[in-house]
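Taking it in order: structure first as structure tokens, then the write-up.
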Amino acid sequence: MTDRIKEILNYYKSENPGVLTNLARLLNHGRLGGTGKLVVLPVDQGFEHGPGRSFAPNPDGYDPHYHFRLALDAGCNAYAAPLGFLEAGAADFAGQIPLILKANNHDVLHAEEDPIGGQTASVSDALRLGCVGIGYTIYPGTIHRRLLYEQLRELTLEAKSVGLVVVVWSYARGGDISKQGENALDIIAYNAHIAAQMGANIIKVKLPSDHLELDAAKKVYEENKIPLKSMTDRVRHVIQSAFNGRRIVIFSGGPKRDSDEEIFNDIRAIRDGGGFGSIIGRNSFQRKKEDGIALLNNVMKIYSGDIK
Amino acid sequence: MTDRIKEILNYYKSENPGVLTNLARLLNHGRLGGTGKLVVLPVDQGFEHGPGRSFAPNPDGYDPHYHFRLALDAGCNAYAAPLGFLEAGAADFAGQIPLILKANNHDVLHAEEDPIGGQTASVSDALRLGCVGIGYTIYPGTIHRRLLYEQLRELTLEAKSVGLVVVVWSYARGGDISKQGENALDIIAYNAHIAAQMGANIIKVKLPSDHLELDAAKKVYEENKIPLKSMTDRVRHVIQSAFNGRRIVIFSGGPKRDSDEEIFNDIRAIRDGGGFGSIIGRNSFQRKKEDGIALLNNVMKIYSGDIK
Amino acid sequence: MTDRIKEILNYYKSENPGVLTNLARLLNHGRLGGTGKLVVLPVDQGFEHGPGRSFAPNPDGYDPHYHFRLALDAGCNAYAAPLGFLEAGAADFAGQIPLILKANNHDVLHAEEDPIGGQTASVSDALRLGCVGIGYTIYPGTIHRRLLYEQLRELTLEAKSVGLVVVVWSYARGGDISKQGENALDIIAYNAHIAAQMGANIIKVKLPSDHLELDAAKKVYEENKIPLKSMTDRVRHVIQSAFNGRRIVIFSGGPKRDSDEEIFNDIRAIRDGGGFGSIIGRNSFQRKKEDGIALLNNVMKIYSGDIK
Amino acid sequence: MTDRIKEILNYYKSENPGVLTNLARLLNHGRLGGTGKLVVLPVDQGFEHGPGRSFAPNPDGYDPHYHFRLALDAGCNAYAAPLGFLEAGAADFAGQIPLILKANNHDVLHAEEDPIGGQTASVSDALRLGCVGIGYTIYPGTIHRRLLYEQLRELTLEAKSVGLVVVVWSYARGGDISKQGENALDIIAYNAHIAAQMGANIIKVKLPSDHLELDAAKKVYEENKIPLKSMTDRVRHVIQSAFNGRRIVIFSGGPKRDSDEEIFNDIRAIRDGGGFGSIIGRNSFQRKKEDGIALLNNVMKIYSGDIK
Amino acid sequence: MTDRIKEILNYYKSENPGVLTNLARLLNHGRLGGTGKLVVLPVDQGFEHGPGRSFAPNPDGYDPHYHFRLALDAGCNAYAAPLGFLEAGAADFAGQIPLILKANNHDVLHAEEDPIGGQTASVSDALRLGCVGIGYTIYPGTIHRRLLYEQLRELTLEAKSVGLVVVVWSYARGGDISKQGENALDIIAYNAHIAAQMGANIIKVKLPSDHLELDAAKKVYEENKIPLKSMTDRVRHVIQSAFNGRRIVIFSGGPKRDSDEEIFNDIRAIRDGGGFGSIIGRNSFQRKKEDGIALLNNVMKIYSGDIK
């Protein structure tokens, strides 16, 4: 148990030892185990976007075992997926990699400005499948966000009482948020803060752009000269907004990147801005396995400092 | 146990001893302990307005421990916050300051004439975190207020049965209330009365202006010559409206003030009008810690009579 | 919050902040508040031995309010009693002194070698009465101890989940324990250890004599030369047996004392042996109030070091 | 509401207003309404002793309506009976007299040294029948008393939560209590105290003799010269033992009386010793109705002071 | 994940992935991780035999943290203890070593030919403390074994449904089993088989002697010439009896050994007879820490084949 992991666990003193144990399992697994950084493989795109869109670029990904092996072989800290994908491999790969059960999901079969999704798995599922935690997506900014917050609240209380870690994906959406605004710095920081206030142990947000979406926020950001030009500065602001570094925040890619090098620069910004790591889905499983592993390993090396 | 605290507890004879005990803890803690006046530090602005808008003016406020320490060092009666902020410090500061868990919250990511928010914490959370009470915000005047009233009713019943104090933030909003009307005397008095009728033990409203919003009310106020020119008179009317002094009503700032001296004059009006105290958030944590403490201590001195 | 209290709370890191909060309330109340020592007034003798035997020596003690006032005026850390006694004063003295609800009781109307008692109050009662914890008596050594252990287990799980402290009175009894053996050092140490293993936050045992009851234990004590001649040594061994000082152990009088000076010597031994304090019932309420307070205050002065 | 009733209600401040309301109904009904004294008609002898033994002396008593009318016509404060008797008249006499549902009963069809009885009615029954309270009999001193205490505990918690008054019949019995001992002063005082500690609002015991049963108690009674020669003194001691007058204690006849005058002398003793009243069954319904009413009215006149 | 661990997990295909995950955690932790052999540190002797008898030989063992550290430093696969010992360190050592919660315990304060013990912890406790499994002791042969079997059955069903491994300690006792018979080969084999039939995932028995206790068994053993002269043969028979190697069986020392070399010979016999490992309590914590670690490491080296 490294000092850094002890320090991070110390941020979660109000949780019971069960939650701390599963948090430690997550932080201590894989190539980044013990560093306090983490890389998670998430594969819920089949549900969220449809299977063809998700897996045609690398058809091996249709097979649920593929993702267990990818996460394992790449040395990820954890693999996160909906109920079915986990059920399809949890016995086969039992004890080999920490699992996070995505407990709600949304599909694109009905056009909605304000996505809401539905709860598709339970705390009991997470326990019977041997997961270390559950995941849940909220969409702050949507008209139904109240329903999402209330479902998350009940899940969180139950999950923590049985020692499961709670991971919250937080994405602002909805009619009042512009497309550009979904990645705006003020919005991403707000997303992270809301998730933390809801009791999330780990928070997943997108990387922010330098756009500011809300007028009232923009005024304050400008008055207080909050640095936002570099990605590193913006990550730092998001981390600050999630309890000043006392909550684990991990990032997915924001604006589309043209090359792996751009991805690596993002990783450097996360690392240098005090972020805790990445959640990398499409960029890892939509290419050949060896390429996915290569990408993930480069990412891990940047986090561990082996690559600058 | 001072005579005044006994008198106040006596207003709540229908509550069980558990509620009375937590009410006494609140009233007896901090610099104003025993006076029957109270000053509460609330920090839910991160959720309600976004983290940057809330904490950029004094970046120490991003850290949840900061607010525990501010409330403690200033000698506040209690600290009120959403689930995440309390979880981030409840173990570290256990037993040092009475805590109120804000059990619903609202964000500004969706423009709504009729805010509704969602329940973001439970009575079980309040018990496991060692809180003395829960807080809940209602928006009389909004089209969804029925949902709020009904959620509050269930929470209140459960909270009181386990000895928790119920604090209600009551703000009229919605399409039929003008911006000016939100602070109108008749509206604020109405807000306080509805919260009291819902079973609130402690009521939080804004300071009222001398505007009268509702025509039917205006007629009666004028016929009966209800004094409303001075803030002291208006506070007196609000206190009267909340069961004639038999319910604890505390105030936040209403119309924006230009100087601390204006704030202090408000405090004098609350004191002289029979108000029970203040809930002071942004004015205390959006400045440097020593300045926040200085402000709060001046406020407390006005309440205690050490400053006239 | 003194360093010593922080150190003690640190022994209970697996508990939720609610339990820590109530533990802190107990440790910070009264004249010994903050020292890490505690003196508790227990009055369950009316139930356990009958009212006449308990209160005739000082008839003021028939009145339940008397004991609230005695505990308050003497500056005790807490008052512990069965349901009825607490109900008779919990509203009148709400918030004035930490209360511990004795959740099981035994009477002497049926001669039993193996006492068992019954559960006479619930966790819900403790919450509605505003208690900081519940108390429960186990009788290791009795044929029915299994029932007591299992009832305690369920109560403990429920109590801790709502933030209540669990106090266990542990007295070996039953056909295989000699009268002398009930106070034997090996037995008292065993009592303390069992209570700690059951999850007690605070443990109450009798002061031990230098007798050793169990042959198998006697052999080990003699081989390992466990010091047992002085009361201080014996207290030290009991504290060691209760997780080496990581659990709060408080003592009642063991063998009957002839004078207050003998009681004070016991207190010195508890203090010097690392004990956490005393629970003093009959010696405090079976004499006139001013004499009871005088005794308790001398006891507290010994604990605080004001008297050597 | 007389001052005396207010004073009595004040003893029950920890109870919710529902319990206080039903307690007030009881205390304010009938000829003794408002005096703080009460006379209750109990008819559970049919179950406890068999119908013939109970009703043959006055066959009108086989009819459940008879007892409702008797209680009404005599001006009793309440009528207490098992489920069936109440069901047979509760609709007919709805709102005419406070009802107490005897929730457990014992028959004599199986010879037992240690009676235990069974729960024969529920809190739900009490509510649907419009009762002001429930009654429950405990037998301290029996080997199974633990079961009775635990059943009473659960009933009491439930009953009070819905505003019902809890009346406890408390009679020591069992292998270790001599026949004479069942009425001994120390035992009756102990019975009353146990019922009070269990949370009873109203306690029913037998009138005590001057016998002392328990050696340990006898020693203390003699040392402390507790007066016990006159019935008045003995009643005073029982009242003292039930929280020093803070719990309503009512008495049934103890040793068999030869004449009504002896009964009246008992009533005088109850009155002068600070007792709260009587529960008079067989002496009222086992004689002709007008004689029963005459007796009850004389009793009431003694309580009210109309007869010395 | 080694082939041997995969093979072992394959024996438990009927269990859900949660149980398999925790089983894998156990088998993959520590110095023997991945070998399919395991060494567990159990410390329940304080409860079972008393604290002095257990810890006086090495007083560091009074401190609950000592055993966490011992298990960690020696590289054990898991640490098993009652509720209190785990609560005293579960937060401090969260995620550092797999924990097994001993869910029932027995003390020696009442002489019993037929021990029964009591359930002292729950599945909920195991989850909130982050355990991989629960432990439970059955005493086949005792008159109350039915209670134990039924309590185990319920616990097992609940534990497995939430993914916890079930470890059963199985010791024949009771009036019909001779002292010698408690270690007899036919009895130990029977113990192991009963535990396996009850659904245990891991079984703990004593090392068997060459005695045969039951006449009916003896006849068959002799007829079929079951080899029992060497310990290796006897271990092989026990393993056979526990589903022919399809259930993990671990051994504690049987007959008292005079030297570590004798212990090591036992370990060799367990290894060569197909046993899965050892549970070593007193021999590891009743000596100085470095000696305990040295012993455990030699044991592990024998299991891993590093020592022959």
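Some points to look at:
Note that the chains take the letters A, B, C, D and E in the order they are written out, and that residue 1 is the start of every chain.
In the analysis below, contacts are C-beta pairs under 8 Å (C-beta built on N, C-alpha and C of every residue); 3 or more make two chains touch, one makes a residue touch a chain.
Since the model is a prediction, treat every value here as computed from it, not as a measurement.
Chains that touch both subunit B and subunit D are the following: C.
Hopping across touching chains, the smallest step count from subunit B to subunit C is 1. Where touching is counted per the definition, the chains common to subunit A and subunit C are B, E. Centroid distances from subunit D, each centroid being the mean of CA atoms, peak for A.
Note: Cα superposition of subunit B onto subunit E, rotation of 180 degrees, nearest 5.
Rounded to a whole number, the gap between the C-alpha centres of subunit D and subunit E is 58 angstrom. Inter-chain centre distance (subunit C to subunit E, centres taken as mean C-alpha positions): 36 Å.
With each centre defined as the average position of its C-alpha atoms, the distance from subunit A to subunit D rounds to 67 Å. Subunit A and subunit E, compared by their mean Cα positions, are separated by 40 Å. The multi-chain contact residues of subunit C, meaning those touching 2 or more other chains, are 13-14, 16-17, 90-91, 124, 129, 161. With chains as nodes and touching pairs as edges, the resulting graph is of another kind, matching none of line, ring, star or complete.
Per the contact rule defined earlier, chains pair up in contact as A-B, A-C, A-E, B-C, B-D, C-D, C-E. Chain contact summary for the complex, subunit E toward subunit A: residues 1, 5, 9, 13, 16-25, 27-28, 90-91, 94-96, 124, 127-131, 161-163.
Of all the residues in subunit D, the ones that touch subunit B in their complex are 13-14, 16-17, 161. Those residues of subunit C whose C-beta lies close enough to touch subunit E in the complex are 11, 13-15, 140-143, 145-150, 153-154, 157, 172, 174-177, 186-187, 189-190, 192-194, 196-200, 214, 216-217, 220-221, 223-224, 226, 237, 240-241, 243-244, 246-247.
Put simply, subunit C touches subunit D in their complex at residues 46-47, 49-53, 55-57, 59, 62-65, 82-92, 105, 107-111, 116-122, 124-125, 129.
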